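What follows is a set of notes on a single structure, which appears directly below.
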Amino acid sequence: MAGNSIGKEFIVTSFGESHGKIIGVIIDGCPPGLQLSEADIQTELDNRIPPQPKIVSARIEKDIAKILSGVFNGFTTGAPICVIVENKEADSADYHKIKNLPRPGHADYTALIKYGGFGDFRGGGRFSGRVTVALVMAGAVAKKLLRKHDVDVLAYTSAIGNVKLERQVTYEEIRKNKYENAVRCPDSSCANEMETAIIEARKQGDSLGGIIEVLIMNVPPGVGEPLFDGLDADIAKALFAVPAVKGIEFGAGFKAAILKGSENNDDFRVRKGEISTLTNNAGGVLGGISTGMPIVARIAIKPTPSIAKKQRTVNLVTMENASISVNGRHDPCIIPKAVPVVESAVAIALIDHMLRAGLMQRIVKKEHE
Amino acid sequence: MAGNSIGKEFIVTSFGESHGKIIGVIIDGCPPGLQLSEADIQTELDNRIPPQPKIVSARIEKDIAKILSGVFNGFTTGAPICVIVENKEADSADYHKIKNLPRPGHADYTALIKYGGFGDFRGGGRFSGRVTVALVMAGAVAKKLLRKHDVDVLAYTSAIGNVKLERQVTYEEIRKNKYENAVRCPDSSCANEMETAIIEARKQGDSLGGIIEVLIMNVPPGVGEPLFDGLDADIAKALFAVPAVKGIEFGAGFKAAILKGSENNDDFRVRKGEISTLTNNAGGVLGGISTGMPIVARIAIKPTPSIAKKQRTVNLVTMENASISVNGRHDPCIIPKAVPVVESAVAIALIDHMLRAGLMQRIVKKEHE
Amino acid sequence: MAGNSIGKEFIVTSFGESHGKIIGVIIDGCPPGLQLSEADIQTELDNRIPPQPKIVSARIEKDIAKILSGVFNGFTTGAPICVIVENKEADSADYHKIKNLPRPGHADYTALIKYGGFGDFRGGGRFSGRVTVALVMAGAVAKKLLRKHDVDVLAYTSAIGNVKLERQVTYEEIRKNKYENAVRCPDSSCANEMETAIIEARKQGDSLGGIIEVLIMNVPPGVGEPLFDGLDADIAKALFAVPAVKGIEFGAGFKAAILKGSENNDDFRVRKGEISTLTNNAGGVLGGISTGMPIVARIAIKPTPSIAKKQRTVNLVTMENASISVNGRHDPCIIPKAVPVVESAVAIALIDHMLRAGLMQRIVKKEHE
Amino acid sequence: MAGNSIGKEFIVTSFGESHGKIIGVIIDGCPPGLQLSEADIQTELDNRIPPQPKIVSARIEKDIAKILSGVFNGFTTGAPICVIVENKEADSADYHKIKNLPRPGHADYTALIKYGGFGDFRGGGRFSGRVTVALVMAGAVAKKLLRKHDVDVLAYTSAIGNVKLERQVTYEEIRKNKYENAVRCPDSSCANEMETAIIEARKQGDSLGGIIEVLIMNVPPGVGEPLFDGLDADIAKALFAVPAVKGIEFGAGFKAAILKGSENNDDFRVRKGEISTLTNNAGGVLGGISTGMPIVARIAIKPTPSIAKKQRTVNLVTMENASISVNGRHDPCIIPKAVPVVESAVAIALIDHMLRAGLMQRIVKKEHE
């Protein structure tokens, strides 16, 4: 079975279930010498929970990150880093009731087929959005390591349902504004509309999806392996580990399909002795290898499948048609929580490739020496 | 470096350069007992070359597949299968002229950075579309193996530039019609418009991209591993090995981002004792695992970067701005050739997961026993 | 860096340090449906500690196994299984004193070179024998799974220093007697001599090594992959993860080097419709694949490097010659503790190959259904 | 199935059968910029064939190495390197006769079980010693790359049957003398005795095994990963890919089992500002990581299983007892041919770890620049 690890140099292994004892992650391959504390990870975990209770699930447990291994005297040692959070607020009663009624749009049915009924179904078990806590914790380490090389991975909300951020936002705007509002959109008036749309969907017992965009600055050219292990390929693979992702595009993406070659090609220019391109329709990747331009990706997130509205399903025991209304603590829109998760997945894939390319230091120098 | 292999059970390794001696592929992990001949592979290779010289490159060498290992007495043995084609018609003269002028939209520049100038630049070397011959040869084996389990992977053209196949086409239509025309579109009138658009682009010294769609029938539920090794994740990863792919979506894809949960969720129903869904917005995958419904994907292909129109580039030796007009034998639209390549990449990812899931026979029974 | 995981289907990841918070292990790929409790793992952990305080280290902390994930309602779920023990009795004071004096025969020096001084040196950190607790916990799961298929992996002591078990012991004897004495030797009079030798070495401030033998019953023929992934190759690789292993041989092993072909070859015979061999010089493996005969291996274990006797070393700060006498709680002979560790390493490699060969059930049926 | 690739950074894939069209190898991950010609590989291939026809098989086909990819203008490009030799002299008639009579000591029986009768049995197919040609070709590249870093891997014969090289030989002696005689032993008088022993065994219709020793000079300290991916572990794993290997030991090896800690530990000393050890019982590896001292290993090779003497076997069709006398072109002792194969397997494992440790240049500088 397996499937719970990713990476060749920076290897992330996820474990734990939604309503089990813990959610945890192992990072094997982090270079020694990175200053790392539980607070570094806590900051990222806290960013997962938007400060606006109306737009998120009522299950707002404060997750406290604990580092169990791999850090000594405040620095990574080169040994596997294990970080866990305990599950405290899980209320599994509802799940026993709907155990035999697979929720439409969820992995309940496919998990059942796959694991022969032995899977921990409570809260979706391994297929719960809660498992993304592991990604965020690993992402915190990946992002700290990337910042030592001035690489900055930013994800932000660019659409929720029909509300779209139409204008171009700058790197500085995203950096400054994205955590200023509950929906993680760098434009505050657009953010307001998004919040309203989410609250409206919740009232209807319904849910919304949207688009998350990613911007990565300062990736040197030459990152990514040829053919099967392209940087875009591995970023895409990592992103599909984020539940609800249904589509990914780089640069001009699907729009490139309607451009002509002369419109889509990014012409090269020399500026102050440095080569760059005039446009960035490639989104920073050519032939699977970084060009040195910003890496740009857009990710489609489907609406949360758990909704209060009545839906049709089947009773797996009686094999008769049935209906279900998923009550409990569910997010009417997963996007705000998904932003740091997407950022983490991308950071994990990127750092792995930077290490593969030999562009990261194998041992990080101590900061004050 | 590496990066030229894919798969965990059905492991495909690509080798050879555009203007080198051969293009080849190794398949390690094909179960023993599959009846396989060079003709099986030749058929797929022949499908790569559309029968309409106006819409493709003038370099139409007839590639002849030779099996070098892994087949004995007409059946696979379980040992690595090596298949090669020889490169005959390569004309490298033009490439020496533009060696120091990276072509916009191509991997020339990133390859140079990555390989320090040692790479075989002729015809794009490893980054040439010609390397997809290896994918098609491996795909021929993957598809034959899938058909033993009644699984059928179909790719077809759904858009070229602004010409889109708007109506829904059926499985039977695709199966029957896609190789009836040069653009591999199952609708003949749409195909005519596409051909016209390609011829027009060529006249302008320009090129077109488009959309390829994939439909996979009869994948049993339960294929795909959780979290990082989802079936969708690994299909996406394999597809990014096809040059020019810039976006991928499954099922409703980017459209799911604007649907409400109640619209996007696929309700379950029992019909004749079998569970299926009323709609297929998930595109046959939930939680990274197949649902038993058809797997549906859409792939964005950028326009061919090699165009006759003059473009801006840089001279890497003098580090001065320069211009380039890429003459030579180039396809004004790569889509028709890309259709069997996309089909192959998807088949390779799928068979690997079927073997991982334990759903393929480890030894294929002899056909007439 | 990495290197802390092993296996392709039954993937074991080790984490934690000797004097850190915990020692832990993740098992990814255990089929769902195996009945598993903390008691199952505890039994194996308890076997690590011989009941004779004179022959082992004074650090006898009772390790209590806690399952953090992957088990639900008493059965494995197919999700990653995380098991940890807490470190309680670690006394790190001594290690700070000898921090700059690498102990001869230990990994102190190589670890320092590798991790640039960031490694957790206390108690040897990741290179401590204590990390084998993780192997034993994973081995407990592997062995339980193997027993569902009637496969039994047995390790036992066959030599300590110059005391050798000269006579052939039977499977039943090993099974019955090996845990009847402190040195894990199935012959009680030989065991007495071994204990005496260990006590004598301790008195001298010295240590002993020895030989551990492995006998595996009921492995079906056909387990092991060709060429690079032979069953013997992967058992050997797993065994080198056990600290102090310096040599491995299968069947006749080094003795085969002096036999003639006619003496070493194992002739085939049919008995009651079953094929077996008259001898087993191959040790149950031919061409990397199991023959169906018992798998037999011998492992050389070096004497414990930590000894009270004064030894020569260097001061890494002053770069001057120095001397060291390693006091503290050290085993005068690691063999008794190593027996269950060796058994676990072999079981982990074997189950991985049985899963790869398709010879294990992907889902274990519930026991009372 | 799979199993035909090894390595994480320097990935070697073997293909081809004994009596098929070719024996081939792919090397993925060789850094660009290494000067490499077919002659480099040919030299190593020629070393496989001892210049004394009485001691080797009559099948002495001159294998001609052809590079099919990955080399351009005389230098490696960073792309996969494919090298093949054609099989010319295969005479398969004998094998059809004994198809149903598994040869004792060979993989015929286990291959049959594994591949359900579809395997290419001619000449042992994939399990033939001839497949080691692939290892030697990959080893030629590995050794050339290692020499750029002054690392020298030497294998030589130290025992054939009961004839043992008792005295210690120096690096210079091995380097100078090992290819001066047919048995690849650096001591000429010992070599004469070995030749005599082999000729005697052949006369008796029998065969001999022996011991090959490996000495590796100039490996820097810090090569090898912790725990599961130790340098010794991966060298051992690679060596088990050499047919007939039954045992491996490093440094004092099995002798370490009878030494005391005070005898076996290698004391550290500073000499001219460099740290080394006074003895080398560790064989250059501690905790799986190189110490900077020479790496020393001994490998037990069993006698060739193919012998003219009559042996007992079974007829797999009738399932009755039978006898077999293996005529044809067989080596009475495989050791002389195995020496360069062992050297290659070790070199392949070592270069992979040097690349993993970040101690090899990712791009090899041009030689005359």
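As written, the chain order gives the labels A, B, C and D, with residue 1 at the start of each chain.
Here is the rule we use: contacts are C-beta pairs under 8 Å (C-beta built on N, C-alpha and C of every residue); 3 or more make two chains touch, one makes a residue touch a chain.
All values derive from a computational prediction rather than experimental measurement.
Contact tally for B-D versus A-D: the pair with more C-beta pairs in contact is B-D. Within the list C-D, B-D or B-C, A-C finds its counterpart interface, over half of the contact pairs alike by residue number, in B-D.
Each chain gets a centre from the mean of its Cα atoms; for subunit A and subunit B, those two points are 27 Å apart. Rounded to a whole number, the gap between the C-alpha centres of subunit B and subunit D is 39 angstrom. Here the spacing of subunit A and subunit D, counted between their Cα centres, is 46 Å. The set of subunit A residues touching two or more other chains comprises 1-5, 14, 79, 114, 126, 226, 357, 362.
Contacts from subunit C toward subunit B in the complex involve residues 8, 79, 226, 357-358, 362. Residues 1-5, 9, 11, 13-17, 20-22, 24, 26, 28-33, 68-70, 72, 75-82, 84, 114-116, 118-120, 125-126, 362-363 of subunit D are the ones that touch subunit B when the two sit in their complex.
Residues 1-6, 14, 102, 104-107, 109-111, 113-114, 126-127, 131, 159, 161-162, 201, 204, 206-211, 221-222, 224-230, 232-234, 236-238, 240-241, 243, 246-254, 256-270, 273, 275, 277-278, 281-283, 286-291, 300-307, 309, 311-314, 316, 319-321, 357 of subunit B touch subunit A in their complex.
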